[in-house]
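So that you can tell them apart, the chains are marked A, B, C and D in the order they are listed, and the count of residues begins at 1 in each.
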Amino acid sequence: MITPELALMLIFVSIAFVFAYLAVEERKLIRAVVYSAVQSAAFAFLFYLLGAPDIVLVYVPVTVGIYPAALLFLIRKTEEVENP
Amino acid sequence: MSGVRKVASAVALLAIVAALSLGAAAGGMGPFFDGIRSLGAFYLSTAPPQIAELVLGPSYRGLSSYSPEVVTSIVWDYRGLDTYFETAVFFLAIIGAVAIYRGIEEPVLRRPASGLSPIVRAVTKFLIPINIAVAASIALHGHLTPGGGFQAGAALAVAPIIVIVVFSRRYLLERGVTKLKALFFRSAGLIGIALVVLIPVIWSVISGEWAWVMQNQWKPGAEAFSYPAYLGGALISGSIWFLNLFEFLAVSFGFTILFLLISIDEDTVRSCMIRGGEECDRY
Amino acid sequence: MIEDITAIAAWAGLALFVGGAIWDLIAAIGMNRLPDFLSRLHAATIGVIGGAFYPLIGISLILLGTDIMGEYRYIAAGSAALTAFLILLLAPAGSHALARAARRRGLYRKDILVTDQQERGETE
Amino acid sequence: MIDIEVFIKTFIVLALFGTAGVGLYGVVAKPHATKKIISLTILGDTVNALAILLGYRYPGGIPPVYTGQPPNEFVGRAVDPLPQALVLTAIVIGMAVNLLIIYIALQTYRLYGTLDTRLIKKLRG
């Protein structure tokens, strides 16, 4: 018997895996940051399904707000494309 | 590699994982998704006051942390020393980042404030107070509902980023949020945490009775000093409420410092690094 | 009397649900068929306002009329209405910022542009 | 015959391990410092998710926040709060340390003019 929680966890884990791979393989760094943020959003839903609302409250601002902002500042001040 | 091929290879990797898990599922999986450990059951049955009085009896009040929010009670009561030193690590990381920017500050605010269009600005002006109110409610209700000092600090740290992007860095400075003030409030938060932790010890030294460090309720056998569990009929969970408040200050202003520093114009930094110069060395 | 009002609220909420689905369909067609970035952005904003704002108002109306949740229904209805209000505030501002950025980078088709108020200096 | 529920549980765990592997591959094999930082955040997030997964109860786990249920039902259904408490501090500390790494990368770019670690290695000395 499969509950909806288990099916949703399966979907979000798959999304996180695909976008983590895309973030590591992408050569344009701004796109890599956006892919990483999508992966983090999928993990936030996963944490909510795992019964951890505290972690969701700290995880969403950190990994969808603060990390991408700091990384975009860094990318704007340094290099925008990864060297081949 | 094009985008479609990347997605295809990611899905292929995922298919490999699926095949592996098919093989593992045939043999059964280990201890995931089972019950909880006895330590977790102990935390669950002693942290909420209603359950703790059933389990332990009213004369063993000190073995409970008097907080319905079990995670916050673990963070600040059962494993308080752990959290105390992790806050120290957080402090040192931010000090390291500030040390990289030592002696660098925009000398004169000569350029006019740039930013996004007036429509976005008006919406942001409406939105920032909502953000601050939500963060404060997360912090002050942290012992009752999901939330706490860390969560509220992270939620409030988004506000300076939005202000810097939508308005400008100068707007934030003109509203009085400077590096020095942020350092002051952050240090006030850390000193507050240390004081809340050490007040039982100070009281013990003065009065000559027993007290426990890092505990928010008195322990059985030494009913000497504790923070009140109820204040005016409302549950404030002893020291957890104060620790949440001070951690909220420390975390939010710590990240405000970091974003104030990382948004300094790069040309200013380079000129200050090369010349040194008195006008750069104001802090 | 009060049953009539709750029934009307529930039917209005259901109507807003159906309307949201229709708006979403229109937005999806627009996203596929419209020619350039700015008009597709228009379709996306229709999808947000019509497909998220109106159904949330509908949820709020339906919740106010149901007795199953007891006292909690006011909290849930208020949350839905507050979320709808924030979406109404934030979605146009977001697509406005996107449109300005696209115009600055030239990511639109000039041959089908009817008017450019920024170029004529009518707005900032 | 394979139980579909056991398969999904195993898939979730192994996909998380795979995501951690992707992050570790990015940290080790990608030469650019920004890409290393992104991969490091992915790795840390995934390890945190695995730690939370250790405390989950299936079926019917509820959050460890007491909202007035009968005590036996609360203790019998709530998920393990200890991994959540550890992960909570780990996320904030990890964020502070990652921001420090970002600052160090910025300073490295100012001093060396590049963030490609192979070129930085050649420029040394």
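Points worth noting:
The criterion applied here is as follows: a contact is a pair of C-beta atoms (placed from the backbone, for glycine too) under 8 Å apart; a residue touches a chain by one contact, two chains touch by 3 or more.
Computed from a predicted structure; not experimentally measured.
More C-beta pairs in contact connect the chains of A-D than those of the other pair, out of A-D and B-C. Between the Cα centres of subunit A and subunit D there is a gap of 10 Å. Inter-chain centre distance (subunit B to subunit C, centres taken as mean C-alpha positions): 34 Å.
Computed from the mean C-alpha positions, the centre of subunit A lies at a distance of 20 Å from the centre of subunit B. The distance from the centre of subunit B to the centre of subunit D, each centre being the mean of the chain's C-alpha atoms, comes to 18 Å. Each of the following residues of subunit B touches two or more other chains: 13-14, 17, 69, 71, 146, 148, 150-151, 154, 255, 258, 262.
Touching two or more other chains at once are residues 9, 11, 15, 18, 22, 53, 56-58, 63-65, 78-79, 84, 88, 91-92, 95, 99, 102, 106 of subunit D. Each of residues 14, 17, 21, 53-54, 58, 62, 66, 70, 74, 77 in subunit A touches at least two other chains. The list of touching chain pairs reads A-B, A-D, B-C, B-D.
Across the complex, subunit B meets subunit D through its residues 13-14, 17-18, 20-22, 24-26, 28-29, 32-37, 39-41, 43-45, 47-48, 50-51, 54-55, 68-71, 74-75, 79, 82-83, 86, 89-90, 93-94, 96-97, 100-101, 145-146, 148, 150-151, 153-154, 251, 254-255, 258, 261-262, 269-270, 273.
Across the complex, subunit B meets subunit A through its residues 1, 6-7, 9-11, 13-14, 17, 69, 71-72, 138, 146-148, 150-151, 154-155, 157-158, 161, 165, 255, 258-259, 262-263, 266.
Within the complex formed with subunit A, the subunit D residues making contact are 4-5, 8-9, 11-12, 15-16, 18-19, 22-23, 25-26, 30-32, 34-35, 37-39, 41-42, 45-46, 48-49, 52-53, 56-59, 61-65, 78-79, 84, 87-88, 91-92, 95, 98-99, 102, 105-106, 109, 114-116, 119. The touching residues of subunit A, counted against subunit D in their complex, run 1-3, 5-7, 9-10, 13-14, 16-17, 20-21, 23-24, 29, 32-33, 36, 39-40, 43, 46-47, 50-55, 58-59, 62-63, 66-67, 70-71, 74-75, 77-79, 82-83. The residues of subunit B lying in touch with subunit C in their complex are 116-120, 123-124, 126-127, 130.
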